[in-house]
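Comments concern the structure below.
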């Protein structure tokens, strides 16, 4: 389940109205169409309450967050097994909007492993990307916080942080693959990201809030 | 939507294996049966990823937690509108296993009001119950943390805290109704809770992990 | 110790360079001078590591934060008795830059009571001010977050929130006194605050970062 | 300043009554005596409000925690420069009783570097120790949480975790030195720790709450 065909587009639905409930299913349908047309893997990352409905579309689905817990008394937490049961095949961990302690990132990776979920640990700079890679997730995703939602793509604004992260991770653990995010929305951004040593991109508003998300996705994966 | 028939049983599914995924639906079915047999309102409180499937059973469903956010960039948070869209008609806020800041409890109540969700704010002693009531939720639920999951019912172990909370809340805001929880599992516990001035109980393991949860529910509401 | 002469000026030193270490002692000296000249109570609120040196100046000193803990294994937490031992006679609790859970605000007030520290619980709107007052601190201090550090005084930008908070608190517990903060720096701001039903003000950058903090303090308390 | 003579004893004063205020100064005096008698470096780690008084004893002093902030509006946070100004030459970061997010551990190390403080990042298992080492602190200190305060020394209860951490760290960054903690109190525990590849120990209650802390310290460093 953890073998994903690269390059990879990871589309974070966040808590936008445009990607909640029926809109989540609609956007996921566009992801399926573009993936079928182009053969590029597109992962949908909807809110928890939409996981099951989005997974039924037939595309790979990740949770936005899980907690490093075992089944038990954890009201309001996200159990890895519950995410898996709802159709998720992986999860983001430590997104910049949901930071975890170091010990909890490690516990969340262990919980994901237990439930068979692939893991993408998010990080904010080269040092924390190296640290995240030392925890042996499947992927790390470097996203400089100041560029998230900025419309300024990290792959052109700060290419050194992306290639630096890719190099640093291969020194720590070559089995960990690197994604990058923040400000990514166009085909040229994604191509630049791949040239810098990543296997794909993590993005959100650039697609979800585009006038036509399907067209935006087609542009993103064009020329790969 | 916020008018609930009392007395009220609020059954927290937590993150128990016994109440995740298909098991959540199964337990919800038992709640529906007992509610139909007895006319007592039973609210199911499953994990977020199970909200939709449980709501389809046709019983009232609450979320375990929502965040005090508006739609936007809040990866991994729980949007009130998403919970509502999935079939929830209310939510717990500030459960002892998911404590919030005072400002965030207030924001969460506002978010719930915006999305039309009823609110149960959990508290740990008389002082915090009064404070919670000042925020004008629909319900407060006092649960002494040391008794949660203990099997020792708060209504007999510490009746003064329950009646004290009920009195204090009526002085602050008589429109706020009081629940109690912690160690509740039997009919006599619930009857004691109602005599002490509450309109119902919040409970979890005493039912979910009972050998036969349906029988445990029947015992709980017997004699009311 | 908890009887403080009002009106009251509470000067938060935050973690500004201008009020750290020797600068903290220097600013505290100005507070002492202005207090001696005018008879107005001025409370200094330095960082923990500066508590003892500032207290030796001979003015009333509060901590910026304490934790709701008892003596024990709490590395990196602030013990009420340690603050008291260093010369603090009170503490801020739940400042907008150091928000606490509702249960922890209550525990911190209990810890302060145990150590003989006066308490100022900070809040962000009328609802949370009422909730804070229900916990029976000595003071609540309402500070709309959007005005903190803005230079726009709450007492003129939003007088209704100040008088509303003062009225609401007197309905909950007339023994709790009300302060206000955010954007306060001038004598007219403080006078407006007192007319709106408060017993004083909480302020920081308007004094600490003024060209001459002593002159700014003199202006603040002029005309009272 | 960052060159510390090893082996190293790091004595965490926590928030024990036995090591608060005057008691902190008394225990620090014992540390000075034993260090002078034996030539072993003993670092005292008192509460923030006791930093200055303990530093005046003339022994090396670390803070229990700093925040990854710059000077500014951070009420209730610990500024690295304030700790340094009070006499600290280093700091613990991410103690198990004060866990930080991964991003905040990194920011705290940067803040410490800026203020000239040495850094000990605490961790709970081999994976998080590797991650901590990737952030390039001066030291990492592995402490299995279940053994902290247990009286069961990690160096005999789980020697593999200590040697495993030491090996893993040398693979990540040989400039980072390894400490271990949890349950350490006797000379044989410390000797075992050094044989397993560490340069010293982090300990607390085993010394602070001993009938005679000075004797306990003498026993700890005997035979090195």
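Lettered A, B, C and D in written order, each chain numbered from 1.
Convention: a contact is a pair of C-beta atoms (placed from the backbone, for glycine too) under 8 Å apart; a residue touches a chain by one contact, two chains touch by 3 or more.
The structure presented is a predicted model; accordingly, all values stated were derived computationally and were not measured.
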| item | value |
| --- | --- |
| Both-way neighbours, i.e. chains that touch chain C and touch chain B | none |
| Inter-copy rotation, chain A to chain B, in degrees (Cα atoms; steps of 5) | 180 |
| Where chain A and chain B are represented by their mean Cα positions, the distance between them in whole Å | 33 |
| Chain A and chain D: spacing of chain centres that average the CA atoms, whole Å | 37 |
| Where chain A and chain C are represented by their mean Cα positions, the distance between them in whole Å | 43 |
| Junction residues of chain B, two or more chains touched | 96 |
| Each pair of chains that touches, named by its two labels | A-B, A-D, B-C, C-D |
| Chain B-facing residues of chain A, complex | 12, 14-17, 20-22, 47-53, 64-65, 69, 71-79, 81-83, 85-86, 92, 95-98, 148-149, 204-205 |
| In the complex with chain A, residue positions of chain D that touch it | 94, 96, 99-106, 123-125, 127-128, 130-136, 172 |
